[in-house]
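These are the structures in question, set out in turn.
Each of the next two complexes has subunit A plus one more chain, namely subunit B in the first and subunit C in the second.
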Partner chain A sequence: MKKSTDLLKYESLAFFGKVNASISHELKNIMAIISETAGLLSDMADMASTENPVSPESLKSYTGSVIEEIQRGFNTIRQMNRFSHSVDTPITEVNLIEMIDLVIQLTGYLSFAGKAHVHNCGDSKPFVKTCPFLLQAVIYQALVNQFKNGGPGMETTVSVCSQDQSIWRVIFSDIEQDSAHVFPDDNTKDMAEAIGVKIICTANRLELDIPSSIETVS
Partner chain B sequence: MKILLVDDEKKFASMLAKRLELRGIEVDYFFDANSAIQRVENGNSYDIAVLDVKMPGMGGIELRRKLCRMAPQMKFIFLTGHGSSIDYKTGVNEASFYLPKPLKINDLIETLYVVAPEVPQK
Partner chain C sequence: MPVENTIRILLVDDEEKFLKTVSERLSIKGFNVMTATNSDDAITAAKKEKFDVAILDLQMPGTSGSELLKILKTNHKFIEIIMLTGHASLDSAVECTKSGAFGYLEKPYDFDKLLTTLKGAYEARLKKKYEHNQKRTEDIQKLSLNSSSPLSFLEALARLDDGEK
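Let's turn to the complex of A and B:
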């Protein structure tokens, strides 16, 4: 890493906190639905009588809803777990497609998030040796910028293309840079610089050039 | 008592509405701010609006400001899954009442009658 200052550590911690807050919000929403559904089943049981029995269809529908939410909770915890383990090793080899897919799911918890898909332009798997946590943070901020500019209805594709053997280019489609949400901010610039990621951002273009190996970054 | 409930978590809003209705409270529920605004613009009036703070597009804080202008008599309660102190202070400053999710139905009902004591209880 080129830069390892206290500020960078604080920015990293702030990113970790932000993502965890959005995950805990999602989990609270899931718990709220389970709580209300269980409460409704309890209300129905209290009111049920021989003349007014609880219908099997209602029971099936509400218990099905609880099962769905529990599954949603498991998926959320799985993503939280993958994200948390991204700090296990400071520098390691990661598959960019898998990383972007996780980041898309993490940004999906934000209230202003639109939809995003990841696309591999080539046949080979885009592996990079980097600091996974910082790279995740940079991609996350880029996607957040996309959603803030495009609004909740927006759909975007994040493409990963090989430039040459030393660089992978991540391209965000449908860019409309709003002056109110200018990317990158200083924190993201610091994090990108620390891992040798070049950010190309204009009014209608957002690309990240990621070195295949952080060890080649001077 | 007539409640306007707005929350983008569809299942949560519909379940909560059913539980309130079982307790004799009339509820209209919506999953986004604009639908709720349209409803009030169409002449429907409510004693209390129960609003989720964070929603796609317009959130509860902005929705409250708009509804306040349209229906100054309406009272407000915020619901949120966020638990930060900033959210709490914003909620308290804006609406006087703020309930964290998951919530207890009895806490909500108690709060409804504290917010609108003039409405007779069933």
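Let's turn to the complex of A and C:
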């Protein structure tokens, strides 16, 4: 586990910064919409006090927009909070479905992101004992690779299937490998290796084999 | 007629609500605004209509705002461009300025600042166009003095035509 701790200090810090930057970008967009809508309502109020009446439909539509954006802001802050807490414990048991769901939300803040859904192939909950932060980083990079290769309109499903009792396989659908976006890069390879994750990446296949417990990784 | 009524703006952002609200606010102020949610639509719109100023979001899916900036500056000689971003960095500001952006505003920004920047961009466009026209008039005068026949004058004039309407 020494290698994982070292990696947390270096490569992971870059990942943490990258995700936080994308979250702050999202929050700025939300604030910009709220600010502009408030400004527009103020402009409309000014107009109403002179000659132009303001329609109740317009008021309803714009206040509704502010409410929606505030909700979007709350959701973003909730994801930010979940992500920030992923560094609380170096090794812990996590639900893969929940983790992938969070990663999908986080990649959604990137301008080139397409759509992704998570799917559990089995009935049991896929728990793994791992370094959540590093695993999150590896899955994030895999999804980013998917979106970069597939373009903005792409949709992908991330399935979690049990291989045997010791391995969970994460399968990305609709693979379109582009040589311009090579996956995994060296940092991702190092992070995956540190937590015993095997990356299978070919022209039409992207899978991650995740050990049920990092303690079994030699 | 207020100056705002003569300014034609192309507003490009992938956030549709942002686009709708800003375009409505600018329209209330008297500007002529056309919107696009992506770079491809913006390029098509700029081919069909002539804009004085474009306001571009820096980060958009597909062709990014910084790439769109270069395309518009290459294809439309006098257009002035203001970049908007929620991801401001010194590097991107420098890159946009090098590519010819008139202004660079970070979201959320003060609307009055956008108005001031817009007017500044329009003035810059008028100045650039005036200087261009003045140089052209001088070139035509020189040509007419130096041409030996009306036909050679017309041929030289055609060479001066840069296609800008």
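We adopt the following convention: the second predicted complex is superposed on the first by the 210 of 218 C-alpha atoms of A that agree within 3 Å, B and C clash if a C-alpha of one lies under 4 Å from a C-alpha of the other, contacts with A are read in each partner's own complex, and residues count from 1 in each chain.
Assume a residue touches a chain if its C-beta (ideal position, glycine included) is under 8 Å from a C-beta of that chain, and two chains touch if they have at least 3 such contacts.
All values derive from a computational prediction rather than experimental measurement.
K.L.:
Clash or fit: subunit B and subunit C on subunit A?
P.N.:
Here subunit B and subunit C cannot both sit on subunit A without a clash.
K.L.:
Regarding the shared-chain residue A:Phe74, is it in contact with subunit B (first), subunit C (second), both, or neither?
P.N.:
Neither subunit B nor subunit C is touched by A:Phe74.
K.L.:
Mind working out whether A:Tyr10 is in touch with subunit B, subunit C, both or neither, as first, second, both or neither?
P.N.:
It touches nothing on subunit B or subunit C.
K.L.:
Look at A:Ser111 in the shared chain and tell me whether it touches subunit B only, subunit C only, both, or neither; answer first, second, both or neither.
P.N.:
The answer is both, since A:Ser111 touches subunit B and subunit C.
K.L.:
Intersection of subunit A residues contacting subunit B with those contacting subunit C?
P.N.:
Shared contact residues on subunit A: 21, 24-26, 28-29, 31-37, 39-40, 43, 47, 65, 69, 111-113, 151-152.
K.L.:
Within the complex, which stretch of subunit C touches subunit A?
P.N.:
Residues in contact with subunit A: 14-15, 17-18, 21-22, 24-25, 28, 59-62, 64, 86-87, 106-109, 111.
K.L.:
Name, in rising order, each residue of subunit A that touches subunit B in their complex.
P.N.:
21, 24-26, 28-29, 31-37, 39-40, 43, 47, 65, 69, 111-113, 151-152
K.L.:
In the complex, go through subunit A and note every residue touching subunit C.
P.N.:
21, 24-26, 28-29, 31-37, 39-40, 43-44, 47, 62, 65, 68-69, 111-113, 151-152
K.L.:
Using the touch definition up top, name the residues of subunit B that touch subunit A in the complex.
P.N.:
Contact set of subunit B toward subunit A: 8-9, 11-12, 15-16, 18-19, 22, 54-57, 59, 81-84, 100-103, 105.
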